[in-house]
Amino acid sequence: MRALALQDGRLELVPDWPQPAPAQGEALIRVTLAGICSTDLELVKGYAGGFNGVLGHEFVGVVADTGAPDAAEWIGRRVVGGINIGCRRCAVCLSDGPEHCPYRTTLGIRNKDGVFAEWVTLPVVNLRLVPDSVADEAAVFTEPLAAALRIREQIAPRPTTRIAVVGPGRLGLLAAQVLALAAGDVTVLGRRPESLALPAQLGLPTGLVDARPDDSFDLVVEATGNDAGLAHSLRLARPRGTLVLKSTFHGNANVNLTKLVVGEITVVGSRCGPFTPALRLLEQSAGLRGRTAGVGVQVQPLIEAEYPLAEALAAFDHAAQPGVRKVLIRAS
Amino acid sequence: MRALALQDGRLELVPDWPQPAPAQGEALIRVTLAGICSTDLELVKGYAGGFNGVLGHEFVGVVADTGAPDAAEWIGRRVVGGINIGCRRCAVCLSDGPEHCPYRTTLGIRNKDGVFAEWVTLPVVNLRLVPDSVADEAAVFTEPLAAALRIREQIAPRPTTRIAVVGPGRLGLLAAQVLALAAGDVTVLGRRPESLALPAQLGLPTGLVDARPDDSFDLVVEATGNDAGLAHSLRLARPRGTLVLKSTFHGNANVNLTKLVVGEITVVGSRCGPFTPALRLLEQSAGLRGRTAGVGVQVQPLIEAEYPLAEALAAFDHAAQPGVRKVLIRAS
Amino acid sequence: MRALALQDGRLELVPDWPQPAPAQGEALIRVTLAGICSTDLELVKGYAGGFNGVLGHEFVGVVADTGAPDAAEWIGRRVVGGINIGCRRCAVCLSDGPEHCPYRTTLGIRNKDGVFAEWVTLPVVNLRLVPDSVADEAAVFTEPLAAALRIREQIAPRPTTRIAVVGPGRLGLLAAQVLALAAGDVTVLGRRPESLALPAQLGLPTGLVDARPDDSFDLVVEATGNDAGLAHSLRLARPRGTLVLKSTFHGNANVNLTKLVVGEITVVGSRCGPFTPALRLLEQSAGLRGRTAGVGVQVQPLIEAEYPLAEALAAFDHAAQPGVRKVLIRAS
Amino acid sequence: MRALALQDGRLELVPDWPQPAPAQGEALIRVTLAGICSTDLELVKGYAGGFNGVLGHEFVGVVADTGAPDAAEWIGRRVVGGINIGCRRCAVCLSDGPEHCPYRTTLGIRNKDGVFAEWVTLPVVNLRLVPDSVADEAAVFTEPLAAALRIREQIAPRPTTRIAVVGPGRLGLLAAQVLALAAGDVTVLGRRPESLALPAQLGLPTGLVDARPDDSFDLVVEATGNDAGLAHSLRLARPRGTLVLKSTFHGNANVNLTKLVVGEITVVGSRCGPFTPALRLLEQSAGLRGRTAGVGVQVQPLIEAEYPLAEALAAFDHAAQPGVRKVLIRAS
């Protein structure tokens, strides 16, 4: 089959990658649509040390077959899927789940071929049905939307919490929308006025990060993944405030920790989140239109472009440009 | 002025109650619309030991005058107002705010005449402007909606938390809608099928409380204010789960605490909440229609009837009937 | 063997109770010393609906045999043991542990014969070695001390938290000592001056519960198990404070919940706790003497009397008298 | 008077520094004994940008005079004192206290002369009486012990939490002792075997930091203040674990944040803590001797040397050497 693979650090569109077969308990899925995320771009740059295989972990697809007779009901269903595959035997899997299993594989990231391909396999337990009212172009956002919801699992923004999201990119705008729900007081901060057009279009309050005074937010979400964004985020958090790190940083960060210690800031790393509420939120938001921050989420305005799988390399080039929104790859 | 007052336990429509004058720092407000809540009904029954004065604390009105020259900008503005008036000097006021000030008065509840009258006074610091897009019939729900949001200030429902609201009444339906935001998984439980029609119309999942098995929810909100509802709520909370008591109970409750101790349940009392996010939520929800649980809140379907102030006693009789939604009193 | 058993609500010393045999994975333990706790007294009164079998769950003993060849190293060792025996297959067991397993048995409380007998069996995974420096008379307190430590697992008293323990009984004095550690500010409150002699002897600040004003503690631990104690505990907790229910209540409690709701109190049920830190604390405290609240724990001053197993009925009579400390039964 | 002052980055023993006079509400204190801490050494290196004045903030002394007639009872009393002096008018002061007041001065650190001098002034509200049983040589540790207790205010180690303190220095050993209280499971980790002699003498479990596997602690306290210690601390924290930063870092830290994000670590900055429980802990521990980790705290073994104020420069040279314990300066 056709697949976009990383091999010894080189990204290639391979015409004859072997089609995977579902193992015991797995489903074989025909990929419909997949999304490129910053982690994919970091993997190409060498993050996480040498993944070899098919990239991609954001997707929607249709189950074609299963390696389990009692899972036949899944065949033909439209699905999304959790990306972490735990051992299901260790203490971490049995208590917290697969996300932090030391033996886990991760779809398109760690020892498991991903979704920039015609076919992919995943354990049936990882699958979630997509409601009919949720279009493929929305369902493909389930994984990053779940990651945004993860913030709400880790910390409890009160309705009166002053929240800033630093970085008006793909993930930042999902995080901001999710935090604006339930009457959240969220401002999206960027470095350039043109980067604020899209959040404004989504109905979110915006501002220039340089113009905001020190210590002016209770909760800051860092969604830039670079040193300057991190420095601003620390600067903006009030003493005893909270800073959520939502982006993976490539290489070492150079941080002045004095504010962190003297201001007794709490910093929380945040990664994967829950699929079921992400799908519920997409379903609830299916009919919404227009400037409605705080009322459902809008994901389709975040789409920049769509490429066929045959042009996946061009899709990656596009996605790597600064200020670009979500680039999708249509696999079938 | 005309006012509905409780005097030595007797509720009376008084034609010539003295019109209040704004003290230093206070505003004089022409009441537009006011809502009857269960606490008002409990006060008439004798709850909180002998309040004497004008009842009522849910309202929207227009500022007519202020007792502060520097507050002239408020005159003519449409407002709602926080109901707790703290001493502003004690440690509680200076840290947590007026809600738990031991010297506080409370609008229509404790040593302060309320809003079932043509005029009322409140400190200017308690006032909040009503956005233009929020109708009076929505703004009058600010106070109970803030009380519902209070739950989100006290506990952090994760997106995966299984939540039940026991009691599909006025407050229960506000709490359920607020908890359904941000992808919350909420079910409204009632004793009779007909009580579930309104929550179903609001798009909320519903069920009969008797039909639900023990230990099946992570978080239960008790919104009935009676022993049977409390017993069910304790029964439904899973071991190590949380139970929020949102209703004031009249007199002593008769509770079997064994489940609470053996199941290590956490019980959280919950009262007044923040007005600013409540108004933000009403503004965001202003244009919404239809079955959209989880996406904004709908308050106007909760209105049962509206009476002129001259018929306030009839309004109370109506509100006291079982299964009745919000009864409003139009004062001007 | 000789055993003290509850049969159809009647407590009897049975001379020829069948000696248990260790099942697969279990150890057979010769009971050395066992303690009577309030739950035992409640079970005799009918709490928890009809346990039939040998009572008792606080003990220290010596392993005589095991039903597992690979557990031979336990033979001859002095042990205490966790009282909850989970199914080890359900989600609760695999995440939180056996304490809330819906299929659990509980030593001497629920479908599992207890320790007021010459022999008892327990799964090897439930056992903990007793350090040499910890005497039998201290080790027998491991289970109630673990239950006291459970409070510190559930809530985080800050060093500045004002704590009251209401009820200077067996469990109350363990809770107070554990909360006094790490610079805790703890007062033990009782109804009668004579009940305060022992806590004073342990170096704990004491007071009469009636003399304390409303709202004067941040954290209150209810350790009386009766309505009056519960009412005082609620009364003493400040608005937004916390109340821990540590005692099982027999039958229904009659509570005025107004303070709980209006004061937004959090109530936390608390039951079994961790054995490993309880043993560590007993070991650290082994050499301590005198008035040293806040520095280790003293358990042996809590011993009221010791009876041989042959006089276990007299031991129960003694333990049931008001104001009595821990009564021990020596089984071998 | 004689004073050790930092002037334009140069540390000097000044023979004729002007003796301070107590302002309204302040006390004039004769310094008895003062301690050199790492922050003092960092200030000399240029941390916190250019403090000019008398250094020093850890002390015990005797009140000689007050600038308040109603505070006469303080005269002649032995005291320690909180180091943050807030404006007492801003929202931070009125809610959280002076530690994070944006207008605060800080004794010997920020716009307020410190205690390496014969006399110092402090607001009376900052003073705490030293119990008679607490020697000057213990009381001088009140401030750093309060800073160690601050960890327990910010996070709640459960009795079963596996805790590492990385850095067996002055502050690390106070933090480790405080965390060992209440049955804490604490290991002190250092880079060289000889650095572990003192924690072992205090009865604390110890180990070499290099020898510990990744992800092996639930809670790690970073007490080295250098990049290597920080990297190890992040490495040792388990996924979803917590890292407390207790040391101020001089300049920028160079950190790999991948573990923080992917492992969803929580990092908590931690600074000043509460004096009252610190004094209570010193009083409770006054009579303790020997290897008793977990039972009170021992501070006097942490003393390396004592110098008269006239030899304060030599004291600083001594304190700046690696692996050195607390160096004291006797001012009178």
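Here the chain labels run A, B, C and D in written order, and each chain numbers its own residues starting at 1.
The working rule: a residue touches a chain if its C-beta (ideal position, glycine included) is under 8 Å from a C-beta of that chain, and two chains touch if they have at least 3 such contacts.
Everything numeric in this text was worked out from a predicted model, so none of it was measured.
K.L.:
With chain centres defined as mean CA positions, report which chain is farthest from subunit D.
P.N.:
Ranked by distance of C-alpha centres from subunit D, the top chain is B.
K.L.:
By the contact definition above, name the pair with the higher C-beta contact count: B-D or C-D.
P.N.:
It is C-D, judged by the count of C-beta pairs in contact.
K.L.:
So what's the Cα centroid distance for subunit B and subunit D, whole Å?
P.N.:
So the centre of subunit B lies 48 Å away from the centre of subunit D.
K.L.:
CA centre of subunit A versus CA centre of subunit D: separation in Å?
P.N.:
42
K.L.:
Let me have the rounded angstrom distance from the C-alpha centre of subunit C over to the C-alpha centre of subunit D, please.
P.N.:
38
K.L.:
At least two other chains touched by the same residue of subunit A: list those residues.
P.N.:
As it turns out, subunit A has residues touching two or more other chains at 96.
K.L.:
Touching subunit B in the complex: which residues of subunit A?
P.N.:
The contact residues of subunit A facing subunit B are 149, 152-153, 155-156, 158-160, 178, 181-185, 273-274, 276-278, 280-281, 284-285, 287-288, 292-296.
K.L.:
If we count contacts the way the header does, which residues on subunit B are in touch with subunit D in the complex?
P.N.:
Subunit B residues touching subunit D: 94-96.
K.L.:
If you look only at subunit B, which of its residues touch subunit C in the complex?
P.N.:
Result: residues 47-48, 92, 96, 100, 102, 154, 215, 230, 239-240, 245-249, 251-258, 260-271 of subunit B touch subunit C.
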